[in-house]
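Should a chain be cited, it is by its letter among A, B, C, D, E and F, assigned in written order, with residues numbered from 1 in that chain.
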Amino acid sequence: MEALLLFIGSVLVNNFVLARFLGICPFLGVSKKVETAFSMGIATTFVMTLSGVASWLIQNYILVPFGAERFLQYVAFILVIASLVQLVEMVIQKTSPALYQALGIFLPLITTNCAILGLALLIAIKQYSFIESIAFSFGAGAGFTLAITMMAGIREELQFADVPKPLQGAAITLIIAGLMSMAFMGFSGLIPM
Amino acid sequence: MKGSETSQMNIKTFKGGVHPPHAKFTKDKPIEKARLPEKVIIPLQQHIGAPCEPVVSVGDNIKVGQKIGEPKGFVSAPVHSSVSGKVVAIETHPHPIGSDVLSVVIESDGKDEVFEGVKPYGDLDSLTADDIKNLIRESGIVGMGGATFPTQVKLSPPPDKKIDTVIINGAECEPYLTADHRLMLEKPENIIFGLKAIMKALGVENGYIGIEDNKPDAIEKLSKLAEQENNIKVVVLRTKYPQGGEKQLIYAITGREVPSGGLPMEVGAVVQNVGTTNAIATAIKTGMPLIERVLTVTGSGVKQPKNMLVRIGTPFKEVIEQCGGFNGTPGKVIMGGPMMGLAQSSVEVPVIKGTSGILVLTKQDAKMFEPRPCIKCARCVDACPAYLLPTRLAHFSEKAMWDEAEEYNALDCIECGSCSFVCPAKIPLVQRIRLAKSQIIAKRKKK
Amino acid sequence: MDKTMIVSLLSMGGMGAFFGLFLAYASKKFAIETDPRLDAINEALPGANCGACGFPGCSGLAEAIVSGNAPVDGCPVGGEEVAKKIAKIMGVEAGEAGERKVARLLCRGGKAEAVNRAEYKGVMDCRAAQAVNGGPKGCKYGCLGFGTCAEVCPFGAITMNENNLPVVDIDKCTGCGKCVEVCPRGLFILTGVSREVHVGCKSQEKGKDVKKVCSVGCIGCKICVKACPFGAMEFENNLAKVNYEKCTNCMVCVEKCPTGAIYSAFPNRKKAHITEDCVGCGACKKVCPVDAIEGEIKKLHVVNVEKCIGCSKCAERCPKDAIEMIRETEAEKAACC
Amino acid sequence: MENDKLVITSSPHIFDDDSVEKIMYGVIIALLPASIMGVYYFGLHALLLIVTCVITAVLTEALFQKARNYPVTIKDGSAVITGLLLALNLPPGLPAWMAVVGTVVAIILGKQIFGGLGHNPFNPALVGRAFLVASFPVAMTTWLSPVDATTTATPLGLMKLEGIPTDYWSLFIGKIGGTIGETSALAILIGAGYLLYKGYIDWRIPLSYIGTVAVLTTVFGRDPIFHIFAGGLMLGAFFMATDMVTTPITKKGRWIFGIGAGILVVVIRLWGGYPEGASYSILLMNGITPLLNRYTRPRVFGEVKKNA
Amino acid sequence: MKIWKDFIKGLWEENPTFRLLIGMCPVLAVTNAAINGVAMGLATLFVLVCSSTIISLIKNLIPSKVRIPCYIVVIATFVTIADLVLAAYFPDIHAVLGLFVPLIVVNCLILGRAEAFASKNTVTRSFFDALGMGLGFTWALTFLSIIREVLGMGSIFGFRVLGEWFTPFLIFVLPPGAFITLGIIVGLMNTFTRKTA
Amino acid sequence: MRREYIRMVVVLMIISLFSGAVLAQTYKVTIPKINENALRKQEAAIIKVIPGAKSFKEVSKDGVTAFEGLDENGNKVGMAFIAKSGGFGGIITMMVGVDMEEKKLAGMTVLSHLETPGLGARIQEDWFQEQFKGKSFDDGFVVKEDVDAITGATISSTAVAKGVKDSLEKFLQVFGGEY
């Protein structure tokens, strides 16, 4: 039950993009087309869940026992994430070219997605249990997918709109993000986290 | 009153569509024979398909019904002289479809002498299916509802397509037009006769005549005649545009959907227009090829709206003059009905086989509204009889997103105009979609 | 050494070694053959994979650049320097053979010169207007003037002037052919950038019919055919046509055309100019079609500027390359006279 | 001369006489009963807010279009609707300057920066309201009693925070605390009836929206009638969830829109931090409308299923 | 001259926040109060300058295939240092910036500059480039956070600058306000610099 | 080729080692300060909620942690414990001080929260925290009756009150018998 609430909470209430400001770069960059955005979301969710698990293991079985969590945490997490992403990319490339075309090309982009590192750190800070970590990671990924796909849908629609020149591109995207974030405020108070 | 009773119980229709004002001012005006024109301009292409080659030369004396253009391909139809007289020129001439077309100009000698070759083909029972198809081809008969598809081609489906239904389109769903209505009232026996000929040509047992319920008199008349035939039924259709669209008509009557991108024959149906059916009957009974047709001259811009029997090749101007001329300065002259007709830039163009009407609108009525931004009210979506998303397609077209337009089935658009008609923002949806269609087809051809 | 230091050195060193080995192994195992330009661009890009470009990572952008779906300056992080590098990489292939081609318009009948036969309302697009009863223009061959060419031009090289005619900016035009493709009346041609004289009319109507609808159409008088000193004017379907193989840009036809249907891309012609290197061989004198070169054998020759039509024949012939073709600008002309 | 030329256009050549303006003014007429009831219950300040919002909306739109060098289209009535709807979504005691702020935000951020009418992804009035709620949470949740003009709570607030129900009749005629426009379900229904009769709104969205709320509240053991009549659900269902610009164009999409919004309302009302969720539910569904349009494309006439 | 150009471009022309739009997460997250904006900007500046300089120093030693992991290690090291120092000496600021200090590691600005500039240029140029970019980032953050604090709280650096008459627009210190304010600023920047772009 | 791989490994390893060394050193320098900061923060909170306390001592019993406040002489002057509650935006953590003799609250202060700035965040304001001082253990802690709520932030106010009440009960179950 806790895990389920955590999942819903990280999708809706504390949406990674709209409330926590994590993963803004791909959110602004890769949200031009719905298909691409959705694939990006799925790939991110996948990597998030994996790295959530991995960083939980590292935190609880390596860093904490050695008493190094305070000063080696960042380096360790980022290295683990980077290599994990690379590993996943290679595995996918080797095993399923179709999947690689759909998801793999997004993987390198995910390394520097601060949502992933942010997630790993949040798991460490909040001291979630293993199951909670999985639910939280998956929810965060789902929230990211939801937000980026919504954004892409709106931006596709805006192709036909007569947006003032200076606002085109990043500016209007940011404002839409603001309006979306405003709409997501409707969920605040739903689940305290 | 039996007919009207059935009509109440059993009105058939399709999904979508719109209700434009009927404006059928001429429905009680009997067909009037037009004056013999002094000069006719007969385009050598009055059908979809390859143009004809002239078989007469300048200076030749020719008679009514004489062939002047020989078709060059399978999808084509010959062209005949509609007057007797002298060929004065064979040159390109403006054509109501838009581009200039090679045309034979004949000066009438006023005698109206009939060509020797024109004689009745005899009794329907004595004719074989192939005889009928041949005589239809020889008579130059094409779809007279406006599409001008050569009729014999429609009647010659490939052997793997089994046709089991013939539908006569008497819906006449276009506002203003009443030519078919009058034809059904004045020549009902010809319609039945023509339908029987088509059924025989195709070897089909089921014949339907679909008529919209705003023509009760025609329904009654044809129902009475149909009662005497055991395999012909009159079907009452709800008055709704585009009830007369081929695919919509087939759906309303048989419940079958013509596959996307396919032809009616794929669901075993053939649809013929009332005018075409009458032309077939006339050709068999008298041997006279298609040299004249009934059309409606109407609209706010003509003084006396009428239904007229006009020789092919008569310039629009002459026809309009016989209806009392223009009512003030004309704003728009349209060949066909207001929903799908073609606006003309000149009244010098001749009446062709597909001219179902000449609609003249005053400056006032021809006024166009400035398009407003789309408010996504989706009325076009509700109206589209092909279940498309017109607003979306128009947007794609505007941004030259042809691939997306193709994906959203732009090619399934039948250009009926329902979407543009209902659009509260007055966006030229049909025109945009048409542009997208032409671009998609051009792109496909390239590949 | 205390515990903290040991732990940290051990774990960091271990990780470093592990990832080094891992990457070394991976780069060997998963090496894939790719477009060399792709690798080069990948190398040039920042590699931060931040996604600010809108593509999935740096390699995504590299792929898009190679396939032409993204501009060379598509990376906002790398800025100008990276853009230059990529442009260089892409430029290797773009190095052209032969002369650059540009688009030219073959109609001069704007709204001032050509009449309309009807009033068109609806989608302001040439292709759409063409489909409505052949468009509103009196001339069936002339420019419809709705600017569809300007809209599709990916380089912004076409603008519509006040006369409703498209104007091609030769400097911006890359000769991509989009306008040629899109014009429903086929009024654009791609020719070498040095081709300056063109017949600005495509009407195949007879002269009197052309006159009815347009004051700058080709009326089929054939004066240009007779006037051309090089036989470069051809005539078919009631229409004059430049044979670009033979044309020397001498502009005689431009001057002679009674309606102004023939035009040159520049307002004034080039003039031959004989330099000090002239040895007075007289070869130029022989080829000049208008006898504009004066001077005796073995002496410096002089061009009669008044007579010279700028055809470059003499320059081509000169064995010493002593003749230059110079275009006077309007300013220079004003200054010297 | 030009005038004597025939006009050529693409078909069709006749048009329905409905126009954007007619639809907009139809909606304004339909909003009048609710506005009148609001003024009747809450007095002159409510009227002041309505007038302020409408005038501000029109002026803002005109100024923005002027600044962009665009033709000013304030006559089409869409700005009036935005202003009016926003006003009806405000608490009756709100300071007028806040209403002005909300209206300016609604028109500029909600509508004009996307290119004006027809292009806005979110309902402008709701953008304005959400902005105000986030900016001035206290003022935006201070309700007046229609009986004695003292501060009170909305029926939903009473229910959620203190568990006090309100009787049906008061809910229906609007003798309750709430925003200016949402109090009287009766007045809203009169306006909605007019819109449905005119065909300016699609019945699918209000039906699925309210229906979902009724079903879900019943399932979770709450009083469905209370939840339907209390709060902004009615106003939202008939006037904001049916806003053509921000809702799906496909029929299936509209069903999903209504159901989704219904679920969100119930979730927010029963478990969320706010007592009321109608406006957020619509805003959120506005956000996924492009996706709904995309994935609920109707089957094309005669489309053959693949593999069939 | 060249160095001056390297330095100055980050301030305006290629301002990472308003022009290049990179490293947006902290820009949005921590700018709800001026003090946070400044602190975050300075922390990033510190990491950026240090890592750029170091990377530029060792650029010739690093084989290209492991360059990214190497850069990441360098950057992460400096981030950890910054984090520890903040925690030790500025505990209040550290508490507010929280998660976003470690996230400097994945700020594309830093890795981007390392890749695009420091790995290809001299130490001096890299230093000034990083300094310019870092200062550009800092002023952008400060600017944004001042606007948000004034509108959302009526104060700057915690001091109330607008009188009691001012009712703060809370939304500006909430997430939506961050997006909207930045969107509007970027739009305005585009309006005013359109001619040069 | 082989050499290159060896170089890759070696370089990355050296850089990592360097990084490790630097970090360890920095850590050693800063950690005392960081720990002191944390301790001082806690101490300050405890001193704030227990009048007269100058230092504190952590006590644990049955898995519940509490703090004893000590005056300058090391005498027990009261107890404090940490209370947690789910607010509007996230978990609210509070330090609650109790006067065991008078059986009433000695003080309360909010340690951390994620409530809306300017709204729920006002639970940090003194007037709000002060009202808990002197409340009897038997108080109902019902918002709007026993506790004044913050306008527009009923949920946050309720969360604080409920957190105090629940934690107090838990605390009293364990430590209640000591006096």
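Everything below uses one rule, namely that contacts are C-beta pairs under 8 Å (C-beta built on N, C-alpha and C of every residue); 3 or more make two chains touch, one makes a residue touch a chain.
Remember, it's a predicted structure, so these values are computed and weren't measured experimentally.
With contact taken as defined at the outset, subunit D and subunit E are each touched by A, C, F. Graph distance from subunit D to subunit F, where chains that touch are one step apart, equals 1. Two chain pairs, A-E and E-F, are compared here, and A-E has more C-beta pairs in contact (counted per touch definition above). The most distant chain from subunit B is F, comparing centres defined as mean Cα coordinates. Distance between chain centres (mean CA atoms), subunit A to subunit C: 47 Å. Subunit B and subunit E, compared by their mean Cα positions, are separated by 70 Å. Between subunit A and subunit F, the centres computed from C-alpha atoms are 30 Å apart.
Looking at subunit A, residues 25, 28, 70-72, 75, 79, 83, 111-113, 160, 162, 164, 167, 172, 175, 178-179, 182, 185, 188-189 sit in touch with two or more other chains. Shared interface positions of subunit E, i.e. residues touching 2 or more other chains, are given as 21-22, 65-66, 68-69, 73, 76-77, 80, 84, 108, 111, 168, 170-171, 174, 176-177, 180, 187. In subunit C, the residues that touch at least two other chains are 4, 7-8, 11-12, 15-16, 19-20, 23-24, 48-50, 52, 117-118, 121-123, 128, 131-133, 136. Counting only pairs that meet the touch rule, the chains in contact are A-B, A-C, A-D, A-E, A-F, B-C, B-D, C-D, C-E, C-F, D-E, D-F, E-F. Those residues of subunit C whose C-beta lies close enough to touch subunit D in the complex are 116-123, 128, 131-133, 136. Residues of subunit D that touch subunit A in their complex: 68, 109-110, 113-116, 118-119, 121-122, 127, 130-131, 133-134, 264, 267-268, 271-274, 277, 279-281, 283-284, 286-291, 293-294. Of all residues in subunit B, only 18, 20-21, 175, 247, 251, 257-262, 329-334, 338-347, 359, 361, 363, 366, 368-369, 372-378, 381-382, 385-389, 391-392, 408-409, 412, 415, 417, 420-426, 428, 430-431, 434 touch subunit D in the complex they form. Listed in rising order, the residues of subunit F touching subunit D in the complex are 88, 116, 119, 151-155.
Per the touch definition, subunit D reaches subunit B in the complex via residues 3-16, 18-20, 22-23, 73, 76, 115-119, 202, 244-251, 293, 297-304.
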